[in-house]
């Protein structure tokens, strides 16, 4: 069958050419779309919480870039941090605000990003199954603890356990996504879980867990933190757009830090599908400025460095990188000055205490 | 869950080699005097080598970011590293144990039900449709229930694999019973076989091919669903290792695991096919 | 599966097949009435009905089903077309078979969902990745079916073609393809089945969280239902999944009966 | 019953006598009643070789299945050595038209399987199997699977299987029907040789008049609707017979005419 062979050779040639068509879309002088991402929610809705959630909810960027004809695309993948790293790596993203640990892992693996601002702080909650008989953090030793691995909670657990002289290896870790954590708690297969307020407090409300410990109300080690980052190749090609996006981001942080917006904030966060009440409980009594500060202060840097040490120790990152080179606060300082917010947020020292002037 | 074992895979498995070789030798271009297996081998490794070359070239040219297209050498080193440190064998052992347990449980029940439906018409009419309908819901769809009922521990994995292995063996045993050649019943009567001898010498051998086909499918599906459930909820096993590689953003680990998953799946299928060919050779020939 | 000797008519068989499910539903209702059900695991049948009504009323349920179906069909069309081409090529050309058969049968053994980490790293978590995953799943059974069909055309049929001196084209269209149709259809059935499962799995495992794309499917519906422990929605989602899966299966089966009245079960 | 059988030759020379008394059978097909057998009676002497010929539908195979005990008549009795048949027995070996070798066993096992229910030391059974393999000319094919055998070889193996428990009565259901004429005439001679050696009664159903005359002591001609015995021919000429002998040709013409009248 001669012609078949010819056909086949043709196909082979086509197959060889295929990957070149794969090659990445070239950076254009002016993009027609800006893609941003934030950690996803279990319901899979394209909304988030924190500053990035507000930026999304208020549609600040959409309004900002409408005259330029630039579209804004949002991703809130359920795979959260690791999924965002993947999207960065195959250049499907320009900006993202996500947890400190995957931040570091992504940068450590060689994803060329730069930190523009901090994502803010959010307390970590340790929920335990009432029947598990866990009364103190020390009781967690040998117990089954669920959270999504590769996220900031891996670091949070390590820091929280360190407070009582334990390590992550002293508990049995179950790598589960949100809904699976619920099921596992329900069936009694895990004894405890680590999460943010909206998730854990919703379970508390349904009576499945009790809060054993939380970092709420204090900058205690173990709170989640994260960064707002930009892909370097994009930043180099479009410095002006980066400045405008960061401006929007800082405005969103500002909005989220004003107590008069508290109720609106809850409404925006509830778009994620998490119950509004759990946000109310999570934020109750907190100074919104503490939660949503974009400042790249010493506290933030200390957290990131702790994250890097941890990821190196856990072999999540194979070789260290220069944190200070990664975090570029020049643009943030300029933006704060332009907006007149220089004194709005108080920088914190490495221990989390406010810096006294 | 998803299974790509084809119904006639057994009979094709042998055929392509003979024909490919036959064609190659009659072809004027292939005039070198190489043994058939060597020709096949040389042909067969061309695409993998080409792919490897392309891969290396792509890495070299940085078509894709290095994080998502690791150097083949790194993948090789990682695979070796995982093997030497014993991590991969350990995870593999965990995974294989789960498949074996699930296959034994689900396959055994499937066999039992299949034989029951095949032998008793009442059961077949009243019960079998419901059982089949339940089986038609994909394993992944059952996951929410199973998680609530069995938790997320070892039980869940084994039950889910068992559920997956159930259907192929049930169908295998059922079809075996229903389609078994009746003409041999007269033989066993004329030879005055006891009930036991009848089952052992006539009935069982006649349904064995169909059951073995079921076992092969069950194994293949079981292996695939295992990877799935390990990816979702686990603290050990190949699927877990792969997810860890993903979360640590170390694609070399992902590649290494994928290769192992593919190889082990292939080895299991191949071994079972060989076994099936050896034990029930007659059925492949008699069918022609 | 019914034997030809069956003295019971088809409707009779269907009726009898429904006895057990009906009994189970009655039992379910009774258990619920006596409060013997663990409401975390099984909600009352009435609740499920109400939820179904609500789901239809606000369009969320049919919308989700449609999104999943659309996604499945898109991926399937791509994967099955490529699979058909590859299968026919492998079935007809000994050289192609020698070259690619070992590679394809090795790749085939990789569990579909094991492709997720790789594909999501390469293609992200958006629609492209899901479609690719579904296409990968649909590719293999289709290729295998087409290959088996084209390769195992009984020699006597080929000889008939040779005797009446058909040219290559006629040989393909008159002898080989018709003879391969049953096998190709079996591959179609399997590949559609896997595309359906793959779609659900992709939606369930990867989730959405995107504005763009084909919308949230049943997988996302189910994942969200689980997140908030809505067992009524979980049950409904699984029920829908099963019903559409069975309907697809029946559709292909009916189609194959019509297309190839010979040699079909 | 099986354990009454031994591997040694039957002592009683009388073993293998058959008495068919007023046997009838009706089938119901699509509301129609078919009289497969209508008051058939026949007595067969021990050691006799009897053939039954007749057009399809005359009930000859049904009669053979009754003799085997695979089916039971509606009325009438069949006695073998004075015992009424109510189920199959190893005392009546049967060879089916489609050899029915178990496809999953090799030749040796297929023959040995018929000794499964016979008491006796394994070694002796093995000897018997080997003897039969040699007897039917399958030496060297002990380990072959049925699908590897030609039609003639399969039929020989089936005959060996029927013979293995030394049944006083052998029932052959068109055993050579599916074979080509050369193989067939060869096997006919072997069948005769085996019969003379084993000294059992043989009842053979066949389509082939010539074969019946060539082999049998008596040829029973049956006619259909309702199935009954039309006539019985005694073939007295000495064996080996020759197909072109005047006697042979005369009997054949007579039987063929009788069948053609129907």
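Letters A, B, C and D name the chains as they come in the text, with residue numbers starting at 1 for each one.
The working rule: a contact is a pair of C-beta atoms (placed from the backbone, for glycine too) under 8 Å apart; a residue touches a chain by one contact, two chains touch by 3 or more.
It should be emphasised that the depicted structure is a prediction, and the values quoted were computed from it without experimental measurement.
Enquirer: If each hop has to land on a touching chain, what is the smallest number of hops from subunit A to subunit C?
Expert: Tracing touching chains, the least step count from subunit A to subunit C comes to 1.
Enquirer: In the absence of subunit B, which chains stay connected to one another through touching?
Expert: Groups after removing subunit B from the contact graph: A, C | D.
Enquirer: Name the most central chain, where centre means the mean of Cα atoms.
Expert: Minimum centroid-to-centroid distance belongs to B.
Enquirer: What pair of chains is linked by the most C-beta contacts?
Expert: Per-pair contact counts point to B-C as the maximum.
Enquirer: Going by the average position of its CA atoms, which chain sits the greatest distance from subunit A?
Expert: In terms of C-alpha centroids, the chain at the greatest distance from subunit A is D.
Enquirer: Report the inter-chain centroid distance for subunit C and subunit D in whole angstrom, where each centroid is the mean of the CA atoms.
Expert: Roughly 55 Å, centre to centre.
Enquirer: What whole-Å value do you get for the distance between subunit A and subunit D if each is reduced to the mean of its CA atoms?
Expert: Measuring from centre to centre gives 87 Å for this pair.
Enquirer: Where the CA atoms of subunit A average out and where those of subunit B average out, how many Å apart are those spots?
Expert: Their C-alpha centroids are separated by 39 Å.
Enquirer: Give, as an integer number of Å, the spacing between the C-alpha centres of subunit C and subunit B.
Expert: Spacing between the chain centres: roughly 18 Å.
Enquirer: Going by the touch rule set out above, which residues of subunit B reach two or more other chains?
Expert: Residues 64, 67-68, 144, 148-149, 232, 243, 246.
Enquirer: Can you tell me which residues of subunit A touch two or more of the remaining chains?
Expert: 86, 89-90, 180, 183, 186
Enquirer: Using the definition of touching given at the top, classify the network of chains in this structure as line, ring, star, complete or other.
Expert: other
Enquirer: Chain pairs in touch?
Expert: So the chains that touch one another pair up as A-B, A-C, B-C, B-D.
Enquirer: Of all residues in subunit C, which touch subunit A in the complex?
Expert: Touch list, subunit C to subunit A: 40, 89, 92-96, 120-126, 168, 206-212, 216, 220, 223-224, 226-229.
Enquirer: Subunit C touches which residues of subunit A in the complex?
Expert: Counting only subunit A, the residues touching subunit C are 1, 3-5, 7-8, 11, 40-46, 73-79, 83, 86-87, 89-90, 92, 178-180, 182-183, 186, 202, 206, 273.
Enquirer: Enumerate the contact residues on subunit C facing subunit B in the complex.
Expert: Residues of subunit C touching subunit B: 1, 3, 8, 13, 16-21, 24, 40-41, 94-95, 97-103, 105-118, 120-122, 137, 140-141, 144-145, 147-148, 151-152, 183, 186-187, 190, 193-194, 196-198, 200-201, 204-205, 222, 225-226, 231, 234, 237-238, 241-242, 245-246, 249.
Enquirer: Which residues, counting only subunit B, touch subunit C once they are in their complex?
Expert: Listed in rising order, the residues of subunit B that touch subunit C are 1-4, 6-9, 11-12, 15-16, 19-20, 22-24, 39-40, 43-48, 51, 64, 67-69, 125-130, 133, 136-138, 140-142, 144-145, 148-149, 174, 178, 220, 223-228, 231-232, 239, 242-243, 245-246, 251, 254-255, 257-258, 261-263, 265-266, 269.
Enquirer: Touching residues of subunit A toward subunit B in the complex: what are they?
Expert: Listed in rising order, the residues of subunit A that touch subunit B are 16, 19-20, 22-24, 82, 85-86, 89-91, 102, 105-106, 108-111, 149-150, 172-177, 180, 183-184, 186-190, 315-316, 318.
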